[in-house]
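First subunit A sits with subunit B, and in the next complex the same chain sits with subunit C.
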Partner chain A sequence: MSTIAERPKLRTLVSSRLVPILIIGLFLIVIPVFLPADVQGIMTKFLIYAIFAISYDLIFGYTGLVSLGHAAFFGAGGYVVAVLSLHFGISSFWIGIPLAIIVSALVAVVFGFISLRVSGTYFLLLTFALAQLLYSIAWNIPWLNSEGMQGIANISLPSLGIPGYTWTNAKYYFLVLLVAGICYYLLERITRSPFGHALVGIREGEARMTALGYNTWGFKYRAYVFAAPFAGIAGALFAYHSRFISPSQFGLGTSFYPMVMAIIGGAGSLFGAVVGAALVVFLEYFTSLVTPERWPLILGIIFVISIMYLRSGLGVSLIRFWQKVRHSIGYPQN
Partner chain B sequence: MNLILSNLMNGLSYGMILFLIASGMSIVLGMMGITNLAHGALYMVGAYIGWTIFVQLEMNFWLAILVGAIGAGVLGLLIERVFLKHLYKQINEQVLLTYGFVYIITNIVIWIWGGRYRLQFTAPELMGSIKLGDFSFPITRIVITVIGLVVALFLWYLQDKTRIGAIVRAGMDDKEMIQGLGIDLEKVSAAVFFLASCIAGLAGVVGAQLLSTFPGLGSDLLLLMLAVIIVGGIGTIQGSLVGGLLIGLIDTFGKALFPGYAMFTIYFAMVVVLLVKPTGLLGRS
Partner chain C sequence: MDILRIENLNKNFDGVDVLHDVSFTVQQGERLLIIGPNGAGKTTLFNIIGGQLPATSGRIFFREQEITQKPAYQRAHLGIVRSFQILSLLPNLTVLENALLTFFGCSRSRFELFKDWHSNKEVVDKAGEALKMADLWEMRYEPVKLLSYGDQRRLEVVMSILLDPKLLLLDEPTNGLTSEESTSIVRLIHKLGKGVTVLVVAHDMDFVFEVAERINVLYYGGLLASGSPDEIRNNPKVKEIYMGNGGS
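Right, the complex of A and B next:
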């Protein structure tokens, strides 16, 4: 009797996504301790881009909106903490991150209202133009630049308000890991909610959703605004991490990063976007060891290959592999 | 008065270059539904080929135009035949793929020609200026304007007066019907894409007379092309011409009147057009 009572419990434990999450979580917590400091820095960069990529995946993979301006929010978050440090001498994490969230959300409130008036190619072009507008503002306004250079330098790592606290690469990594975990959890909740399912419905057939009585514009607008603060957080963490911010953080290249990550990993899957981020960041790292000046060439080839051959996404293949493993040890496929 | 006239001339010739750059992208976007972000990179290839031919090899300007146009055209045709033809109607795939080619082409250009800036270089044939009363017009700018007009006329004729133009326009509206009539739309698409890429290369050789040439052009030009397309409207030659000239004039006068804020005059023009007529001044709705 007792075995029968226990089995479903065990089954739900294994069949939930708990096991892979535990494995990956443990990996992310334990492995960096044994890595040299510069590779810890790369791990941090990977997590930051993972946040950026899952943020983009909410509007790209789930809602089906192809935006070429997600750098607007990434840059906004970065410039918030950079300006705080340059003009106000504020480096507090508890002021920087909330402000980055608010500012990037406000940017999305305005930009979403403008760009969602149109769809398809026009949406793509408009989001690109709006991000470029921020780029040229950052480029042209002296207040947004350090003396005698383009961009803001000497951004310090955030202060946590703990007296006598000193940063190491590893400590910053764990802070970013914590933030990334929270962001992932929140976005997971959003995408698994009825709201998230409605977004997928809009991606698959907007006309049908309209016929069912959904206000699709409102859903798209909310998805656009919800996604932005996550990109803002990523941008702020990135500015702390690289100690420097330049207008190119608003640039087209920056907007393409989360897109290629989402596609390589599998658009419409948060886990896939994280896998994509890992792939791109580590490929860049290994390229920089061998032939740094050819990285753009390799990145371009990654774009082409991911479009022509990997469109279902590597992350999605990994998830399917896990489902197969579960199936082979006797759990039903879902 | 002198200032206004010279700015007018500068704005017109600059606008013609913008028209040349944007028209190819607009044709491909409007008639074939392909968003080709690598169009600026094709311009850059044309500009560098032009530089090699009449600065390094000291050969003829018109030969440079021919080789630059064909070089960019062949490159464009390759991208279309090998990759883009599998991605019809898939906007996000096209965007990512063609931006990948911006990276690839830019890096290869740096590999071949190096990363340094090259200032505008006037071909020997186009040196000097024509005096009209008190004013002197540089021959380069006049030639550029004439080339722009000739290309515009040619493209307009092709679009509105020939069978090919009719097929392409009809194919955009109803692909299956056109194929049902026994027309090989693939060949027509390839030809249109080749032509558009040729114009990008030609624009590169011509544009290098006025603008400096550098490896960042491939992505830097995108915003200007976008501005021309938004202001003029997608998919018609007339729209690209009007958009190009307007943006050229606005930018030139903006730089003369409000230096420091010149970047924003283009955005201002885009916003005004988007608010008044979202499809562009001469766009097909």
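Right, the complex of A and C next:
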């Protein structure tokens, strides 16, 4: 009797997604409190890149548009808060973030209109070229640089409008965690909506979607524009975090990051992109402790391994593994 | 009333005339079959009516409105629904996902950003109805690529019908089906009311004569003959070039 009564309890515990939520919660909310400040900084960086990666995943993994210019929005968001700080002395979080959202969305409105005229490799090249354009603008216009250097230094920390508030690494971490949680929630809602599923349909077969009545260009364009503000937010948070911004925030390396994260973690899965971001950021950190100059080599090896052996991505494999565990203790597979 | 009028349609692929000077009308509620040997331009004609290909010249009117330049998705919203000769369902998505995407296509809710798509009762019910009608309800969580050819074909045709089209374009709907499966498709077409006009491209003559009220014969890109099934059956030109010399 008692064993029968106990089994469902264990099952409910597992089935209610309590275990993964507890693990993730522990990792994101409890553990950072006990970490040294510099590791808290790494956690913050991970979350910022996670926002950047899920933003990219909406157009890459879901819609199937391979862009190599996502840094355009990340950089735009970063330069908004940097310029506000440098020229206008404005450090308010409540001005910086909304403005970063607006500016990065406007950039996407223009860039999407241009680059979505073409598809495939040409799309990739155009997005790359447009981001490079912003890179050279940031490089060449003196107004976008602190005096005597490339980039903008001493970006002020965001002010929340609370008198006497001082920042610590941990406090900034939890602010970013909150923002990342909101971004994840919004994108998750989008991917479950009719709109989000239409994007997947377009990835899988654009001609059929058109015949069914979907204006596929319009859907791709909207996806591109909707994704951009999330990257803009990430860029702004990154500028606050590093307190410095350089034109390379528009560069190819920056565009490459979310793509690698999405592929390693699992393109077409927001959770996958977050896992990818975690893997890349933490491995970069641990490598930097031991042998910083070898980081590109290690990243390359991980990239190759994940493409060869974990095609669907580490994050997606984790989800599948968890479903198998649930199944093995008597839960129906779904 | 004409529901569809085609005027002097020409299509040229790199110097090859695939269609030349094709003109015909389709009456509201009519079942018009288009037949012709391979390479006659039947599928090209369908692609132009559906908006998948632009015409080189000529004009197309749907309910007296010119649609020659309209993109395919706008034609879908006018009620022109087509099924394709080659399977065109999305192979990696599940049966249910395919059905939901189909019925969201002309629903205004397709733009909804933050609502779970399962919460749209109207579309979900319609998809469920289609899957039950196609006998695929049990398979709804399987990816479409695991279905048999016949099942995929049936699913596509059933969904096209349930989209409430004004003009239904079926390209070889019975291609590759068993005779039983073909019969079930014939039955579905007979069940449609006169509110639906049906234009079918087909090879299978049993099917053609079972469904057709009128038949257009395409031959090397031109309209060779048009008439009732009996007229076409007895047309000497058609007998000669299409059904072969030994035709009864």
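As a convention for this text, the second predicted complex is superposed on the first by the 311 of 334 C-alpha atoms of A that agree within 3 Å, B and C clash if a C-alpha of one lies under 4 Å from a C-alpha of the other, contacts with A are read in each partner's own complex, and residues count from 1 in each chain.
Going forward, a residue touches a chain if its C-beta (ideal position, glycine included) is under 8 Å from a C-beta of that chain, and two chains touch if they have at least 3 such contacts.
Because the structure is predicted, anything quoted here is derived from the model rather than measured.
Trainee: Which of the two partners, first being subunit B and second being subunit C, lies in contact with A:S55: first, second, both, or neither?
Mentor: A:S55: touches no partner chain.
Trainee: As a test of reading the superposition: which chain, subunit B or subunit C, is in touch with more residues of subunit A?
Mentor: B
Trainee: Quick check on the superposed pair: does A:S136 touch subunit B, subunit C, both, or neither? Answer first, second, both or neither.
Mentor: The first partner, subunit B, only.
Trainee: Please indicate which partner A:T254 is in contact with in the superposed arrangement: first for subunit B, second for subunit C, both, or neither.
Mentor: neither
Trainee: Check whether A:N215 is in contact with subunit B, with subunit C, with both or with neither, and answer first, second, both or neither.
Mentor: It touches subunit C, and subunit B stays clear.
Trainee: Could you tell me if A:G201 is touching subunit B, subunit C, both of them or neither one (first, second, both, neither)?
Mentor: second
Trainee: Can you check the complex and tell me which residues of subunit A touch subunit C?
Mentor: Residues 186, 189-190, 192-198, 200-201, 204-205, 207-216, 226, 334 of subunit A touch subunit C in their complex.
Trainee: If we count contacts the way the header does, which residues on subunit B are in touch with subunit A in the complex?
Mentor: For this pair, the touching residues of subunit B are 29, 35, 83, 86-87, 91-93, 95-97, 99-108, 110, 219, 222-223, 226-227, 229-230, 234, 260-261, 263-264, 267, 270, 274, 278.
Trainee: Could you please specify the touching residues of subunit C with respect to subunit A in the complex?
Mentor: That would be residues 50-52, 71-74, 76-77, 81-82, 84, 88-93, 97, 100-102, 104-107, 109-117, 120, 123, 141 of subunit C.
Trainee: With touch defined as at the start, can you tell me which subunit A residues reach subunit B in the complex?
Mentor: That would be residues 60, 66, 68, 117-118, 120-122, 124-126, 128-129, 132-133, 136, 139-140, 251-253, 256, 259-260, 263, 293-294, 296-297, 299-304, 306-308, 311 of subunit A.
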